[in-house]
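The structures come next, written out as structure tokens.
Next, two complexes with chain A in common: one pairs it with chain B, the other with chain C.
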Partner chain A sequence: MTGAIAEPSRVGEVVEASTASFVAQCYELHQPPPLGSLVRTRAGSIMIYAIVFNARTGSIEPGRRPIARGQEEEEEGDIFKSNPQITKLLRTDFEAVVVGYRDELLHQYLPPAPGHIHSFVHICEKKEVEEFSGRLDFLDIILESKILLGVDELVGASLRYASGAHADPRAFLVEAGRALASSLGGDLHRLNSLLKRLK
Partner chain B sequence: MTAENQLVPEKAELGGKRLGMVVEGSLSMGLKVRLDRSTFVEDMSVGRYVTIRGQKDYFLGMVTGIELGAADDRLASSPLDAADPFIVEAVAGSATYGLLHVMPQVKLGRRAIDLTEGAKPVKTVPAHFSAVWESSQRDIELVFGKEDERRFYLGTPLDMETQVCLDLVELTKRSNGVFGKSGTGKTFLTRLLLIGILQKGAAVNLVFDMHSEYGWEGRSETNYKVKGLKQLFPSKTAILTLDEESTRRRKVSPDGVVKIGYGEIEPEDIELLRQTLNLTEPSVQAVYQFSREFGRDGWLSGLLARRTEEETAELLARLNVHESTYRNLLRGMERLRRLPFLVDEASHLPVQRIMEYLDRGVNVVLEFGRVTSPESYILVANMLTRRIHEQYVERTEMALGEGRQPPRPLVITLEEAHRFLSHEVAEQTIFGRIAREMRKYNVTLLVIDQRPSGIDEEVMSQLGTKITCLLDNERDIDSVLTGVAGKSELKGVLARLESKQQALIFGHAVPVPVVIRTREYGSADSYRGLGVAHGADAKRRSGEDAREVWEG
Partner chain C sequence: MAQVELFACSRLCYTPNHLAAMTLDLFQTVPQIEAMSAELKAERSRHQQQLQEALELLGSALDVQALKRKIETGKTTWLVAGLESGLGERFPLPPTPPDFYVVATDGSHIDIDRHRTASCYLINVGLVALRYGENAQAHLSNLPRLYSSKEEMVLSLPLSGNRSEPLRGELLGVKRGAEECRRLCDLVRQRAEPSPTLALLDGSLILWGLTGGAYPEAVVQELLETGLLACLGELQQLAEKGPLGVGSYISFPGNTEVVNALRVAVCPREPVDCDRCSREGKEKECERMAGLRDRDLFAGLLKPGERSPMFYSRSSIVRRYYGRHEVCFFYLNVEDEIARVEVPRWVVNMGLIDLTHALVYDQCRRGQGYPVVLSEAHEQAVLTGADRERFWEMVEETMVKEGMEIKGSAKSDSKRTRWI
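Entry: the complex of A and B
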């Protein structure tokens, strides 16, 4: 299924950064950008592009786990009304794998320097997604990345997401499938399962 | 960079599309070309020509094999989800792909100066990733030339409209062969070749027309009539017949009737008939004894003359011929005697008659009508050819001695050639000799046969150009391809020719082996294309010709 492109907005800021990935904290609890979506952040003069994976929500203090509070409430939402402080005690983070950057030009390989802490993170506009996914070299970066989540899941999610930015999503996915077949031609089993995720 | 060293702009090579790129190869085994995703493997066919654009030179190569490849060897054991069109579409051309086997045949220059020099032999292979394109018109023209005063357009390469031209002057310098199973278009091709030779004036033809299909008209496979030589070139063709009744019944008026007198059959003529007439070796030897007794021109009449038993016994004793040998010989000669064109006394010598035509540049088609028995064909073809060859030898030698013009080149067309050129008889017959001595005496053969494996190997190897339609017998294919470079590749091409209108040509008269679709023949357009007169003009000329022949 092809996903709709998320509304462009500022979703959070970088709280942990490395060359290959960064962690960002969302401004809104439970509202991370969708899995596989394209986000951007600034690092000085360059713009870093990354693909979202592994969003999680938990306590702001590590080791201090939230406790159940809803036994007396009718609805789940009432918990937050009765305890307005808990939205401040919880946070939603997401990770993003860096897939390229822009100086004067758009590059689909790792940037010379990582993102900055507290840089704002934006969800990219549809036009930007279309432009970025016009080339498919970034797939190899994901395929080779050492992320915890299944790499193939992320490849599938990112392509399904990006297809929403193209006029003919199926043609885009076929083209992406071919790029994957070139990269994974030697491993038909993996290719087969990956291609199934593109539909 | 000087003008002549400049690369020809890509525009000049427009036409065709990119098919793929070279990924592997060797000079001896040929190249492997990986097809681009946009090239569908089922659109490819063996035998067609492609141009390989190397970095320095271009190469013209023939597709000799097609293969399916997969990046992962495990494709066969763990197939992809082939029911899913999305998956099939995505992997086609990358994880799975088509491969062409291409045999580079000639090198074409890329520089302006090379265009005038034409094709050169291949001594290297194009580099990795050289692009492979459909051959353009220019590439093919560069190799096969355009139709001109010595080149004759015989057909088009597979899937192309360009003309493949045969250099007929080169062709007629050696003996050539047309092969193919029956019904594959040998006669059709031969007729075209004869027309070509006649039209370009490369040589004068003598056709032993066993089934009467070349002279006036023949029939195509679909049974419509097609014009023979006489209708197209009335002033340059004479039809002689051995069976006047049959010729006239077909509403053809022959230019002459050939009768052969007993006296004209020489002992050598009998040797070739040994198998056909079931003669024993001593019987053939006995012929010479009879010839010593009765003379070279009287031996057959002498042998067949009526005698009493005593006379016979006395004759055999004198000649030292055994009774059973005599009986065997007599039985054979009785079979000859039944041939309708043999007469006691021939009114005029057919050889002289034919030579007169040939001297004037008039092509002679000798129709056999109903007398198509092997013995009549072998006897007539052999005895006429032997005598004509003798005259050619004599004249060529005289011409050499006196520094005069040698006689006009002659091409003798021979059907069922294995009867004359089999391993057993090729040594002895005049045809074996002509095939071996090439053009020394300006006489060459055009042999037509459906079982080339029956022809002597040495003769086969002497044939300059071979034009072969579909053959499916392994031995026939082997015998046709003996001594050809890239034999195993061509074998695959030859066995996969279509059964009609397609032929593989290789040898002296073409720079590279090529599969052609024979040019169309039989429609008014095609006759016009051959640049010959027809309709009213032809009739008028035909009338003039007839006068010329009878008065001349």
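Entry: the complex of A and C
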């Protein structure tokens, strides 16, 4: 299934940064960019591109856990109406694996420096996604990344998402499948499992 | 023999290696805790009998007017509640408005540390404004302010010539309380709409720390008049523009003023005179209710959501300084406990008690038994041990950057660098 490209917008800002990935806090609770979507952030003169892989919502303080509050409410939304402070005590974060950057040119390898804390994070517009995924070298970065979420899940999600930016999504996915076959060499089992995720 | 005793002592004091870091000797403490527990158990049973008797007295046809007179003319060694109406009436939970605000502040401070180079203190006020109803919203923030100028280190007393009092310890706590109340006024003013509002403070409106002659009268007057009472005056003005309940919330109150009113009721003397009773050394009638607290009494009387009648404080500090802000109070069954809510007199006179009652109860219901607005204000205000350490580190780092020499006391250094 191909995903619709999310509306381009400023979704949050970087709160942890390393060369290979960053964590961003969302401005809106429960509204992270979709899994596999392409986001960008600035680090000085370069634009860093990254793919969203792990969103989570929880308490802003490690010692304060949310408790069930809705037993007497009819709808879930009423819980927030009856307890308006909750929206200020929870936060949604997401992680993104860095897959390239742009200076004068677009590169699909790691940038010379990590993103900056408090840099704004934007969801890329459709044209940018199309341009970025016009090359598939970024797949190797994901395949080699050390992320907690299954790497293959992320590869599948990112390709399904990017396919929505192409005029012929199926042709894009077929091309991506070829690129994966080349990267994974003889690991037919893994390749097979990955290709199933592109349907 | 001496050797045997020495050996016995060293055996008793022996602690296994893994406990070596503990300074509290639990071997000696545990039997004492057990003894205390047995005593508490016996006291509880005596307490039940006392409570039963007090509740019966409360339910009996007490002549309230006569009791009021007896309280006013009596001389007691304990504080007795002033009666507005009766003692045992119960007021049901009033309806909660559909749209309303609840605002609260709480504070925390870092006191002046005379063992540090920099003479300064910091007050951190937590501010919370919650809007309920159609446009439910929340505002949570905190406002730290550092005080370091010479003028800010003392309380100036303009009415006593050029005298001043060092501002630390208890007095700094009082200044912090005034700061909390000032910020509460700001929160009330910042509301988007004049919907019914509850402005809530934590703890007592009666500044007990200033009582008992610990400070000169000029200090008490200055702190109260330019601090808490000035802010309460501002809140009163705001209440004239729209419905505004103002109160201070005390969880698990230890007060005994209403119980003491019952002690006056059972006293056979008229006028009541505790000193005379003590001199004569006879068994006192009122001892039958000694040890009971108001919260025990109202736990046996009030159903969830109900409040007690209104009382007023007859403490000397309130009588002397508070004027139109005279502290009135009621007890409220918030289901998990009996809370005490103190309000200034004008809240009663302006008919704002039902609003205060309804919204305090509603806050406790939403906050698992404690007003949610106060617990969030506390979370915003609290300064942990780590915060305090970090604060002093930053102060010293900044001074070093400016090329200043850091010279704390040897005592402070020895606490930070523990050695054997």
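By definition in this document, the second predicted complex is superposed on the first by the 199 of 199 C-alpha atoms of A that agree within 3 Å, B and C clash if a C-alpha of one lies under 4 Å from a C-alpha of the other, contacts with A are read in each partner's own complex, and residues count from 1 in each chain.
By our rule, a contact is a pair of C-beta atoms (placed from the backbone, for glycine too) under 8 Å apart; a residue touches a chain by one contact, two chains touch by 3 or more.
What you see is a predicted model, and the numbers here were worked out from it, not measured in a lab.
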| item | value |
| --- | --- |
| When chain B and chain C are modelled together on chain A, clash or fit | fit |
| Touching partner for A:L198 - first (chain B), second (chain C), both, neither | first |
| Partner chain(s) touched by A:A4 [first = chain B, second = chain C, both, neither] | neither |
| Touched partner set for A:K88, first chain B, second chain C, both or neither | second |
| Contacts of A:L188 with chain B and chain C, given as first, second, both or neither | first |
| Chain B versus chain C as contact partner of A:I117, first or second or both or neither | neither |
| In the superposition, chain B vs chain C on chain A residues touched | B |
| Partner chain in contact with A:F80 - chain B first, chain C second, else both or neither | second |
| Superposition-derived minimum Cα distance between chain C and chain B (Å) | 51 |
| Chain B and chain C footprints on chain A, overlapping residues | none |
| Chain C partner contacts - residues on chain A that touch it in the complex | 61, 64, 67, 80-89 |
| For the chain A and chain B complex, residues of the former touching the latter | 170, 173-174, 177-178, 180-182, 184-189, 191-192, 195-196, 198-199 |
| Complex interface listing, chain B residues touching chain A | 37, 70-72, 74-75, 78-81, 84, 86-87, 89-91, 93-95 |
| Complex contacts: residues of chain C adjacent to chain A | 128, 130-132, 136-140, 366, 368, 372, 376, 379 |
